[in-house]
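Two complexes are shown next, each including chain A; its partner changes from chain B in the first to chain C in the second.
Showing the complex of A and B:
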């Protein structure tokens, strides 16, 4: 009897110490994503991508045999909640990195926490240029393109294809929608592209019905309709506009998020041909081993193809692991920052012959942007269309200029 | 403004208004008769859309989808009324409980659809016969939008008939005026309440199914339609069926022409109309300050 008690105690002790030592070896990442509501898709795709990336980096090994681990919590895309959760991650869970965030509003709040607690925040999705410009702080890094990059590439596309003349814009009435058109106008101005704005339309985010906007846009008779919609709003607008014949009357140009996979998978056969779009990640482009592997791994794990958000969430984990390998531990924050500044990293969305890198000055990842038109492609069901005829814009040509960062800093201070 | 543009905006506004009315009328009916503010009414719109999506996936027929949406949402509505809402009726803290309870329904239904259908956006196709568009000279109106307008009118006329020409309608009107009195006259009041709840939520579900070919369905869609419906109900007078119709038309058209004339301010217009109405008629346009309430 006594021996039995002793042995149980021994087993308990061993298991306890093993848990303790396991805990010591784990490096925690505190991720924040919307897991419910409209943005839930992006959170769930990001979580799946994080798991894939963690399996890869842990299999490859980290210094001292330590493992990376991520905790994912629903921030409901609310800034106040995101701040509370970020602080709890740092003080209670002792995370070494804050991670993720889809809403730019929430990200702008979390970056303040990151600065205050001197904890690195790797942004995987949100696109507001501010974070790597006027709201930049040295603990922040972004591993996906911002809207400036998309719109700068968009302006180059417009110049190249001689798209111009009368332009109308429609985008959600908040920072994301407002920034896109301001950035496009700035880049068009820089390139000397001549155009005339014949209308700007500002439905609210998640507006269910665009009927009255569509008839008003048709009345304005633009040559090009520039669109700044996001996610499901793109789908609703396209479905409603198609019945009015809008796409026969003007070019539809949507360079930041129009070509997101979830737009194609939802629209299926209803997607019109010839829309000019881009996205931060494409399942069918580039045709590299890295991209094919990533897309297939994601499909195997979830049974669906990834939305753009997944690639960013995957990329950030690789960046963090690489930084830890360079430094040799995850405790020296300043050394980790140095390691991440200028880091080169091959990612699924890099076309052949190009490697993404992190701009040491703004901590923004520098990536090429490809813009294409919708063509039939049923390799990624349920989508029946994807982007084709891609035109690729060099990464260094679409970075926010210092002049623009100055303009942004001054205008947002007002 | 040319006549063509006027017609084009007008019909656009009308189709928006009819979908708005389908949701708002249920909301106002429940408030008028059961005195419950059903915060979760938009969620019935959402589950209606999902039911229709599912039925179409199984039977490949749009109309079966519409039927499944109305029946499914109505049944869920009645079930929630019988199991939960009825339990808090007449209690002292009823007002606060109503908000808590119906808000909880929003969260539960959002998570339920995410659990069953996943987080990805869903949409359905228009039925073949309504997929085209009609050209009236220079004006193009999609056939489906025209169908929504006609459907809305059919529902308005049927509702008018039921409410003012049938015994059931008269009981409902009476119950909204004085529930206790109606009960004393031998009417099974709780059955009336459940029925009203069922019909109202069925209308919400039908609205979801009708809107699905134009919009995207996702967890959280319900919250997006409840705000506009609430504005409509407040403008029309809480619990006033005809008020909801008038207010939906007003909001639909004000937005349609607002977008044309001052696109920068378009998203503020609904609120501006509501504020103006509340200043002059604090209980809504169709309220009677004193005397009996009419639905």
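Showing the complex of A and C:
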């Protein structure tokens, strides 16, 4: 009896391993995203976008008839867990690429794993400039804009629309919030825009009540309130500030993540008009076939419209597939890096006549940034507003300068 | 003879399992095993306070984070060769800090002690996050250098295994010493201990210092596994999960906390692979263990060992 069980088990094991070796024909990508809590939406949207992109590239075909496959695991945005999972992906699942990551802290930890194991890490969401500057290593690539690019575009917008004068800043009290205003000040200085800081306000991330900040900001009487909020905090702040009439008293300027679709979909009709914002991807802009196709495909697959995170997750898969096609396989990591450096790739967020490319030196994707103001637009329900009157800033003008990378390296001692 | 075997059996199992991994473990297994022994040291050191002395500190993460940050920041500033020295400085610093915090908090009893330890740890976390020019803020510190000899997962595992084993041996001896008996006495009846003429406060403080010292060593070792550290290491959920793991494994047994850590980390790894709702599964397991087997996994295995013994078979419990 016992021997029978053992032999059945052995047969099972053998057949399992043969299945596994057959399945090894696919090229694996190990993706890490938060799937629950705040930030969970970005993970879910990214996973959906990855599926769409995989279906496209596999349909188009890869060298040797191989298929791309992605494993997605919840990293809870915890650096230690992200590192453990990344190592498991490389050593057990034999992935060729690490992928994704929303939290910059987790990404900074994962980029070390990528360096140690010489495995390419394609970052699709996190925005800390550090990764393509002072913490740069050659196995890292980023396929979405960093905060420097948003803030450089923001500074140009301020210059163009003569938005100087008295400025106040409010942003979450951690690296993402701190970096944004430092980068904006740097770019404003470069452009020679005159301004006076009348206050900096640092609520905690996920602060539920902004009343004390709102009254303090109104008291400081700035002409422009620059905002560096992230995710759900933007929604909470806008709702509360609207009740105090803050938006009638000053301009609200939020160039990195204010115009995210999930902000509009959550605010619905409550969204004030005339807020000046941007995002790393817009569902209603640019009006190109690529963007429309992407947004519609996403809507068809999930029943909702995508947040900005989806486009980054979609883009990275296309970049990886293109690199594999160029090299002819997924095993020669050095050749893949060469193929990705300087790669030109047409993405949904590219305006007509522009193609995104990867800067060979910093491995940062170079993309145009569009800043607009909130206007009524109900084409993407449940949102009732979207950005309009877009001003577009050329990709090469908003790249982090070498001088800035130097400053960052010195100040952070990395 | 039999008695001696019973006491040595857990050690034998410990060496068999964690020692053999050096020869048979794959990269991922070694990485997981490194986490298990290091967090295991943290949990066993915590249990000196909790299971032995009856002091529930909700803020041991402060010493874990301190150990990690001292080791990480020193290695980062002075180079990889300094890593091992920093591992010695970390526990020394933890002892100093534990005297300061201990004098303030140990005079309070029960829940007040627990709350105060929690408050101190959160304060440390706040400083770590806010003082970003010094600590790297919420991004943490990456690319912590190590000596050439400790590079690679396996070498570092062997290094950690040696240190953790030495620490566990010291803690084990302590647990069985007269000092350990006094600590257990304090848990059961502090009034009686003071009637014998023993100073309860001084013993509690010593236990607190010892626990903190070994916790800092665990933190310092952790800084070398991933070569990156984060303010998460200070936060209350870190202290909380150590408490959970200790209860899961069994707080009345010396090796119980280590078993709890191992089970927790393996579950997280295996269930996390299969479903995104893994925390739900772990929660359900925790509730089951706490409600049905308040003595933890060690309690369960002892229960079954007794059943086996009744049947006539000889079984040593772990």
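The working rule: the second predicted complex is superposed on the first by the 391 of 414 C-alpha atoms of A that agree within 3 Å, B and C clash if a C-alpha of one lies under 4 Å from a C-alpha of the other, contacts with A are read in each partner's own complex, and residues count from 1 in each chain.
The working rule: a contact is a pair of C-beta atoms (placed from the backbone, for glycine too) under 8 Å apart; a residue touches a chain by one contact, two chains touch by 3 or more.
All values derive from a computational prediction rather than experimental measurement.
Visitor: Look at A:80 in the shared chain and tell me whether it touches chain B only, chain C only, both, or neither; answer first, second, both or neither.
Guide: A:80 sits against chain C, while chain B stays out of touch.
Visitor: With the two complexes superposed on chain A, say which partner A:161 touches: chain B (first), chain C (second), both, or neither.
Guide: Neither partner.
Visitor: Determine, under the contact definition given at the top, whether A:219 touches first (chain B), second (chain C), both, or neither.
Guide: After superposing on A, A:219 lies in contact with chain B but is clear of chain C.
Visitor: Contact-wise, after the overlay, does A:36 reach chain B, chain C, both or neither (first, second, both, neither)?
Guide: So A:36 meets both chain B and chain C here.
Visitor: Answer with first, second, both or neither: which of chain B and chain C does A:296 touch in the superposed model?
Guide: neither
Visitor: Looking only at chain A, is it chain B or chain C that touches more of its residues?
Guide: B
Visitor: Is A:243 touching the first partner chain B, the second partner chain C, both, or neither of them?
Guide: So A:243 only meets chain B here.
Visitor: For A:173, is the partner it touches chain B (first), chain C (second), both, or none of the two (neither)?
Guide: In the superposition, A:173 touches chain B and chain C alike.
Visitor: Does the superposition put A:88 against chain B (first), chain C (second), both, or neither?
Guide: After superposing on A, A:88 lies in contact with chain C but is clear of chain B.
Visitor: Would you please give the residues of chain A that touch chain B in one complex and also touch chain C in the other complex?
Guide: 36, 173
Visitor: Under the definition above, what is the set of chain B residues touching chain A in their complex?
Guide: 5, 8-9, 12-13, 15-16, 19, 110-111, 114, 118-123, 125-126, 131, 133, 140, 142-145, 211, 213-216, 218-221, 223-225, 255-256, 259-260, 263-264, 266-267
Visitor: Inside the complex, what are the residues of chain A that reach chain C?
Guide: 35-36, 73-74, 78-80, 83-85, 87-88, 90-92, 104-105, 108-109, 111-113, 116, 128, 130, 135, 173-175, 178, 411-412, 414
Visitor: Residues of chain A touching chain B in their complex?
Guide: Within the complex, chain A contacts chain B at residues 36-38, 40-41, 43-44, 173, 199-204, 206-209, 211-216, 218-219, 231-233, 235-236, 239-240, 243-245, 262, 265-267, 270, 304.
Visitor: Please give the residue numbers of chain C that touch chain A in the complex, ascending.
Guide: Interface residues on the chain C side: 26-28, 31-32, 35, 129-130, 132-133, 136-140, 142-143, 226-228, 230, 232, 269, 272-273, 276, 278.
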